[in-house]
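Structures given as structure tokens follow.
Below are two complexes that have chain A in common, paired first with chain B and then with chain C.
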Partner chain A sequence: MHSFGYRANALLTFAVTALAFICAIASLSDKFSNQNPSAEIQILYIKRFKSYGNDEVSLTLDINADLQSLFTWNTKQVFAFVAAEYETPKNSLNQVSLWDVIIPDKEHAKFRIQTSNKYRFIDQGHNLRGKEFNLTLHWHVMPKTGKMFADKIVMPGYSLPDAYK
Partner chain B sequence: MDWQGQKVVEQVMQILLVICGVVAVVVGYATESFRMMMMIYAGGVVLATLVTVPDWPFYNHHPLKWLDPSEADKHPKPQVAAVASKKKSLKK
Partner chain C sequence: MGWIGETVDSIKSIKIRQLLTQAITLGMIVTSALIIWKTLMCVTGTESPVVVVLSESMEPGFQRGDVLFLHMTKEPIRAGEIVVFNVDGRDIPIVHRAIKVHERQNTGHVDVLTKGDNNDVDDIGLYADGQFWLHRQHIMGRAIGFLPYVGWMTIIMSEKPIVKYILIGALGLLVITSKD
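So, the complex of A and B:
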């Protein structure tokens, strides 16, 4: 502590160490927030269901979700996406992303949107006729400090028609 | 900066930063604002820098009291052994 440079160095080192602790505490505080997101998705109608070598479905979704409880003071943004999940003889789990959104803040975390699928719903083959599938809302929470984490809501009980149209 | 000042400055620096950190976390959590926490902590670091880094006069209230040179002359060093003095003269 005898010189200007030594004191500046000691202060900077201590300040950055304390900052690391502060960030760790901020990250830890997220663990104590109770999260109860909810989501509901309806398939309004199936616009197109054809086979171009592979089965392709075009549909309109009504997505109603409340992800506000995911936002804490340490949340930068949340990435959410809706995936169709189903089983085929070839793959035990097919996941096809249909729609996604980046939620920048809490005010935009409760939404209802009617949209056609943003990304194409194409199967690997011809397995979609009469197929039962789940729609799953996945989300990834990106905190300002700390580890990114993800969770999902699985909504079962959707099915596709038996014939192409 | 004297010895006492150096001891005080280190304690002041650590206490200031820890207090600022605790206040920043508490206020940030209470207002749910990460930005607020960072601003308070940044303010604390600037304050700690201003208080502890420059050599303020109040860190120099305990100067070391050296003996006056004339006092040293009155008590001449005892002569050391001949070998040691020879070595010294060789180095020169």
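So, the complex of A and C:
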């Protein structure tokens, strides 16, 4: 009954159960943090606007964001990205990621950066002239353990020029 | 004689009734593991509810040996989600982030482009020849939860099969020789 194997088994089972419980609690504790991230994005200028088969835009963005409140003790990193989102006659939703960043800790979570688009902004067709679109800052919080969560700030009212350049 | 002798003795002393009880116990363990796995499949709606990260393409978010929990719903795929997808001609599913999504009007047909956070380029090079987008049928699920390190055991077991055989042998011996 009280053999070595039996005791080792009991100890291991208890240790794993306790660890699982602590992980679950750590993940749950994320729910109680106050989150009020803010962001502001400007399009500084359109570098290029052409149509090779599909419309393509190159632009420079000014991104000003404060994501510090997303960090808790269970946060490993925050993945943040800016996407252009718009509707066309062909597609009910187009989401094109323009720029992204991995934020490793709270100290780097408040930033201002001027950058050209990291990924190509290409439409599926020729719908970008004069197009109104949203710029959305998404964030994806990756925990040390447990449930991942994501949210976004939608910034409407951006538009592209009426002519190619 | 020592430990080996005692083990041999205890194997010899097994009675048929005890043997049957142990076989049933073993069967119960295997079937309950199977029940849990199949239940998870039903609840999460994906063929593989749990995957182990095998590559470094999503570091530092996901490291080799981390375990991901997947979920598949009818909800449309959106940019930023971490999806697990299969490419025709590749055996091992890939876990990467969706960076571009184009969803058709009415039909719900969707074009998705993915990229690993730690990779410099997007995944078009990983897709099948002439394939530029992932569609719904390629996507097995989206990652919703995360548990570090737990998958190392499976990586070790699949890369060094000898460890697996030793482990299974030791467990088998333990089951046979245990007296409670």
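Note that in this section the second predicted complex is superposed on the first by the 164 of 165 C-alpha atoms of A that agree within 3 Å, B and C clash if a C-alpha of one lies under 4 Å from a C-alpha of the other, contacts with A are read in each partner's own complex, and residues count from 1 in each chain.
Keep in mind that, in the parts below, contacts are C-beta pairs under 8 Å (C-beta built on N, C-alpha and C of every residue); 3 or more make two chains touch, one makes a residue touch a chain.
Quick caveat: nothing in here was measured; it's all calculated off a predicted structure.
Asks: After the overlay on chain A, what do you see for chain B versus chain C, clash or fit?
Replies: fit
Asks: Which holds for A:S97: it touches chain B only (first), chain C only (second), both, or neither?
Replies: Touch partner of A:S97: chain C, not chain B.
Asks: If we overlay the two complexes on their shared chain A, which of chain B and chain C does A:Q124 touch? Say first, second, both or neither.
Replies: In the superposed model, A:Q124 contacts chain C only, not chain B.
Asks: Figure out whether A:K144 sits in contact with chain B (first) or chain C (second), or with both, or with neither.
Replies: Touch status of A:K144: both partners.
Asks: Between the C-alpha centres of chain B and chain C, what angle is opened at the C-alpha centre of chain A, expressed to the nearest 10°?
Replies: Result: 40 degrees, to the nearest ten.
Asks: For A:P89, is the partner it touches chain B (first), chain C (second), both, or none of the two (neither)?
Replies: Once the two structures are laid over each other on A, A:P89 reaches chain C alone.
Asks: Between chain B and chain C, pick out the one touching the greater number of residues of chain A.
Replies: C
Asks: With the two structures laid over each other on chain A, which partner does A:R7 touch: chain B (first), chain C (second), both, or neither?
Replies: first
Asks: Thinking of the overlay built on chain A, is A:W73 touched by chain B (first), by chain C (second), by both, or by neither?
Replies: A:W73 sits against chain B, while chain C stays out of touch.
Asks: Touch check for A:N134: first (chain B), second (chain C), both, or neither?
Replies: After superposing on A, A:N134 lies clear of both chain B and chain C.
Asks: Least CA distance chain B-chain C after superposition, rounded to whole Å?
Replies: It comes out at 12 Å between the closest C-alpha atoms.
Asks: Determine where on chain A the residues touched by chain B overlap those touched by chain C, and list them.
Replies: Residues common to the chain A contacts of chain C and of chain B are 1, 144, listed in rising order.
Asks: Which chain B residues qualify as touching chain A in the complex?
Replies: It comes out as residues 1, 6-7, 9-10, 13-14, 17-18, 21, 24-25, 28-29, 31-34, 37, 41, 45, 48-49, 52-55.
Asks: Taking the touch rule as given, give the residues of chain C at its contact with chain A in the complex, in rising order.
Replies: 60-62, 76, 78-82, 97, 99-106, 111, 117, 122, 143-148, 174, 178, 180
Asks: Looking at the complex, which residues from chain A come into contact with chain C?
Replies: Interface residues on the chain A side: 1, 3, 5-6, 23, 27, 76-77, 79, 81, 83, 89-97, 100, 102, 104, 119, 124, 138, 140, 142-148, 150, 152.
Asks: Please output the residues of chain A touching chain B within their complex, sorted ascending.
Replies: It comes out as residues 1-2, 4, 7-8, 10-11, 14-15, 18-19, 21-22, 25-26, 29, 72-74, 144.
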